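These notes open a run of structures that come right after.
Shared chain: chain A. Partners: chain B in the first complex, chain C in the second.
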Partner chain A sequence: MPNRRPRDLLPLVAPVHVLILGVIVLPSVYVLWLSLTASSFGKAPVFVWLDNYARILADPAFRSALWNTIVIVVAAVHVELLLGLLLALLFASGLPLRRLLLVCTLAPYAVSEVVAVVAWRYLFDPDAGPVTQALHALGLPVLDWSFEPLHAMMLIALLTIWLHLPFTFVILYAARLAIPAELYEAAKIDGARPFQAFRRVTLPLLGPAIVVALLFRYIFAFRIFSEVWLLTGGGPARTTEVVAVYLYREAFSYNAFGTAAATAWIMVLASLVLALGYVALLRRQVDVDAH
Partner chain B sequence: MRIDRLARGIGKGVAVAALLVWSLVPIAFVVTSSFKPGRDIFAVPARYLFAPTLEHYGALWSRWGVFFEGLANSALVTAGAMVVAVVSSTCAGYVYSRHKSRVLGASLLFLIVVRLIPPIVITLPLFPIVNALGINDTHLVLIVLYATFFVSLGTVLMRTFIDQIPRELDEAAAIDGAGRIGILWGVIAPLALPGILAVAVFVVVFAWNEFLFAFVFTGTATKTAPLVVSEMLGSIDGVDWGILFAASTVQLVPVLAFVIVMNRHLVAGLTAGATKG
Partner chain C sequence: MTDTTPRGLTRRRFVASTLGSAAALSAVPAWAQAKTLNILSHAVHERVLGKDDGDLLRDWKAANGVELVFTTFDSNPLQDRLFREASLPVTDFAVGYIIDNRPTSAIAALFEPLGPLNAVAPIEDFADIAPGLIQGLTVDGNLIGIPVRHATGGLFYNEALLEEAGIAAPPTTLEELIEQAKKLTFTAKDGTPVTGMIMASDLAVFPVSFARAFGGDYITKDFKLLPKPEAMVKALAALNDMFTAGALPRSYATTKNDDQVTWMQQGRAAFTMITFARYAQFNNPEQSRFPGRIKAVQFPKSATYDGPMAAVTEAWGMVIPRNAADKDLAWAYIREVASRRVTLGMARNGNGPVRVSTYAEPAFAAASPVAGEEAKALATARGAFPPFPEAARAQQLFLEDVQLAVLGHKSPEAAVESMVSRITPLRPA
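Entry: the complex of A and B
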């Protein structure tokens, strides 16, 4: 290399680091300080230690929001993983017009949360939505999501699965394609039935990709905001509120910045704990690259 | 054996049909309903054959001028965020590809981890700061926010793609007297184009569709298209579904076409981004 003085490299890496530090790191640290103080418009902030955390943990609305978020994360992400896995296996088993079908599968990735809510609110309109009508015609129960909190949660989960399945599918499909075909031939020669080949070859080798997909989706599902905000607004009567919607209301409806900041830091901690798992997986890779 | 194969074929056919219904029907309903006469949209039983009309597009044009301003704002913010993210990620990715050290490795992990902080967290402090700086309701705020949330992934992707370009090319260009910037933009960037396109797909789709930051940080001057659509959806005097579908279609079709055209780069980016860290 022509020269290796770190000073020459700085201008090239600086923009990325300035953006990350200025927009994400410093504001997050400021939020931490905010979460330890009591402040409101026009008043000097007072340091109150963990008061804000104690207050939100005692707030039934926060607990319900946290519970709803966990339910959505656990239900939606795992169903999504299962669907993504099935799709990956379907594609790997050989399909005609594979590229075209792949593009169709990716289509929801292009759809904004707002337009997705428009589509799903229409499809499941309780009076005349096409899906509601079809369910009626088949004699099946319909989703009464504008009154029943549980039904609303199911619709939110469906919507978020629909939006993010392309991501999970691509991760799993790429990992599946990376498994050498010889392994399946060897398994066949050893007399393995298709299901045994799946149990003994596919599943173990997909393991790391499954963990990566899961961690990413846990992190991103935990911050869910737009789908809930636009579909139910957290209603009826705050029953479908999630943590991010609770945070938004505390901050921008009630000007309660201390408790909003405490909520924010609970979200940061949850994300970072999950991110550590991801980093642990990546670490080896980066270490290998460094030598 | 033949029955077995037939059963497999039918099973696959059913699975593919289900996949197509799941992925495409919600999109198809939005697009086709935008051409449906108003009375047919909520017809019981649902009406699938109808005389197409452009009445909703006409009404959108005459009554929702703000939506078209929103499209212009979205286009400007998307282009700005893409340029900022691509240029800064390419520069950083080049350094991370060509130079390895413990400090650089640690700083890359730092970039990856920090970006996983939920965006809503930083709206709290940035809202007053943006107001204090007097840059509220400017395109700059959204450009910086959107670019920032993709520079980590962008840097990782660019590093992965630049890793595949032989170092001999850098050295040959250096011997010819090219400076570092000349090497990067004259030699490396053209060869790393697939990486640049992958980064661009992520940023463009995100910036064009984003709701939360636009909701918190835009006012009358910079409202983006998704925000205007959400206002139609939440309108108190009843939702006009025809106009809503027309606006949704106009917002959706460009980005859908973009993803279809760029599908290879999207898949390559998703795969490399998640597994190469």
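Entry: the complex of A and C
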């Protein structure tokens, strides 16, 4: 379609814009407006400016939830990256029964989060869970997750990693397979050892894929809800509560829609701040590619 | 070149067929029954009405040409959806089920006052419905719900495990309960590790019952917070003592209501506190390892307290959203469900009956051996806390401190102090 003016192309892209406007922009604006009001069932919303934001930021339960979220996200996302990278390299190096192992690696992604949490809850039950009993039998320390907040956080992080490792793995594995074999041959001819080939060839070429995987996981992981809600409910005594659970309580337990909406906006901003470094890195890579 | 084949599906034919089919369907006389009544409820409300040959409303539905369509949710999501529907300009749901500790003044205003409807077409023997339950659904002088189910807590015990531990009778005081629970924390003959008592940690009913056993409370009807703080301290100390001794599960902080049922059915716990209506479920031979051996008594009070013990009860009521279309049909349904016959039928299906006369019915006594104990508990029972706008948030703060005290992360005194300082600002002015 040579020489067509942008105005002529507008009808072709308009449905996408209408969709984005309808499902993202307008709801976001509505939530923003709601966050500036005091609103509940049976009451007309009252404009309160930034009171909801001030109230949330002053709430020790929110600060604790935010800290828990950051700890889980940072720990889980980076461990996922490390394991995903190791698995991708292992698969790329050639494995016997590769297809079967690939299915096993990807299987957690096919499991519903609710089912996974229920299964893990049963396996790690502090009184009768098979894993707990096996650890006891082997004389190893058990995860006392319903009593010790730290253990509960560890179990939540482990479950998150298990559930989402396939996502990171698939991105990195696809990127690794896209690296031409000639580059490794050239590196070998130049006398590069395996680790040097990894550092000088694999890692730089996997860079964009790593940043994309990190960025997506940071944003997704920040919304962590079902693992916490179904496993610990944020307990004991709200010590493992995350921001999404805090938001849920505000909206659906306390029916405080203003503070819930403000929490949602704080979540968006916090996840962007957390991922800002990687966004900058991605932008730099795009600029380099463009030139 | 054409983009169609002579006998293939073309876009024009597809559109024409779709429109033709739609027109044909719309021309056919209605297949469904003449009237549909949409109801928002918990699954249990639909289940206790029975189905097929046991459908308690079969004749009423046939006589009125009504089809009932239940949309069911768990308790909290149900209340959320009900209030959301009632806040819309108009709703398809003509009847909803509400918990009696939810309607604040603002929420009650979303529902139709039922007094005038009852004056025109009265419910059969209205005075027979427990007055306390009616009072719980009367807000600002308006009756907004008709009680349909109550859940009053009792102490369930596994008779077989008590016998195995050499205990002849269930406890009659709280001190005995604690002592027996500790004794029943053992490995049963069949190798099952038994924990003395199990209770969910996410509901106020349990610590409130312990506090009432010492003559205390959480929040009274007139919004007095912790009327006897020393009773709450004693209650938390007792719970902490049980947890430390292993008579409460290590997983106490993550225990839910459903866990109570499965643990009792499997013989993993000897005692639990739950609504009397669970009797049938505990003793169902298809689900329980101890059919007929899990029994219930009223929750005991402390030997040190000589006042009356008030069991914790929660009632459900049927409401009509103000924005519902067919209120007459909704009221007709409510009248039928609240009748003596349906109340008795639902009670036999495991529903806590709201009519005093139901407890005197031999058919009910035969179906529920704990009916007598339940009636005695109901006589003095009251809700865990009254409705007020910040009740849910206050309950969360209360439970947070309870959990910390039970697990030993906070002393009972410090927990009570924290409750007072954090919950006081949330109470109504």
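Observations
Keep this in mind: the second predicted complex is superposed on the first by the 245 of 291 C-alpha atoms of A that agree within 3 Å, B and C clash if a C-alpha of one lies under 4 Å from a C-alpha of the other, contacts with A are read in each partner's own complex, and residues count from 1 in each chain.
One rule holds for everything that comes next: a residue touches a chain if its C-beta (ideal position, glycine included) is under 8 Å from a C-beta of that chain, and two chains touch if they have at least 3 such contacts.
No experiment lies behind these values; they were computed from the predicted model shown.
By the touch criterion stated above, A:203 is placed in contact with neither chain B nor chain C. When both complexes are overlaid on chain A, the residue A:101 reaches chain B alone and has no touch with chain C. Judged by the touch definition given at the top, the superposed model places A:186 against neither chain B nor chain C.
In the superposition on chain A, A:74 makes contact with neither chain B nor chain C. Within the superposed three-chain model, A:273 lies out of touch with both chain B and chain C [touch as defined at top].
Contacts of A:127 after superposition: both chain B and chain C are touched. When the shared chain is aligned, chain B comes close enough to touch A:219, but chain C does not.
Once the two structures are superposed, chain B and chain C can be ranked by residues of chain A touched, with B on top. Of the two partner chains placed by superposition, only chain B is touched by A:20; chain C is not. With both structures placed on the common chain, the touch criterion links A:82 to neither chain B nor chain C. Across the two superposed structures, the residue set of chain A contacted by chain B and also by chain C is 125, 127-128, 252. Those residues of chain B that touch chain A in the shared complex are 12, 15-16, 19-20, 22-27, 29-30, 33, 42-46, 84, 87-89, 91-92, 94-96, 98-102, 105, 107-109, 111-127, 129, 144-145, 147-149, 151-152, 154-155, 167, 170-171, 174, 180, 184, 205, 208-212, 216, 226-227, 229-230, 233-234, 241, 244-245, 248, 251-252, 255-256, 258-260, 263, 266-267, 270-271, 274-277.
On chain A, the positions that touch chain C within their shared complex are 40-43, 125-128, 144-147, 231-233, 235-238, 249, 252-256.
Interface residues of chain C, counted against chain A in their complex, comprise 76-77, 80, 83-84, 86-87, 104, 106-110, 193, 195, 201-202, 249-254, 256, 268, 389-390, 392-393, 396, 400-401, 403-404, 407, 409. Touching chain B in their complex are the following residues of chain A: 1-2, 4, 8-9, 11-13, 15-17, 19-20, 23-25, 27-28, 30-31, 34, 86-87, 90, 93, 95, 99, 101-123, 125, 127-128, 130, 133-134, 137, 162, 167, 170-171, 174-175, 208-209, 212-213, 216, 219, 222-223, 225-226, 230, 244, 247-248, 251-252, 257, 260-261, 264-265, 267-268, 271-272, 274-276, 278-279, 281-283, 285-287, 289-291.
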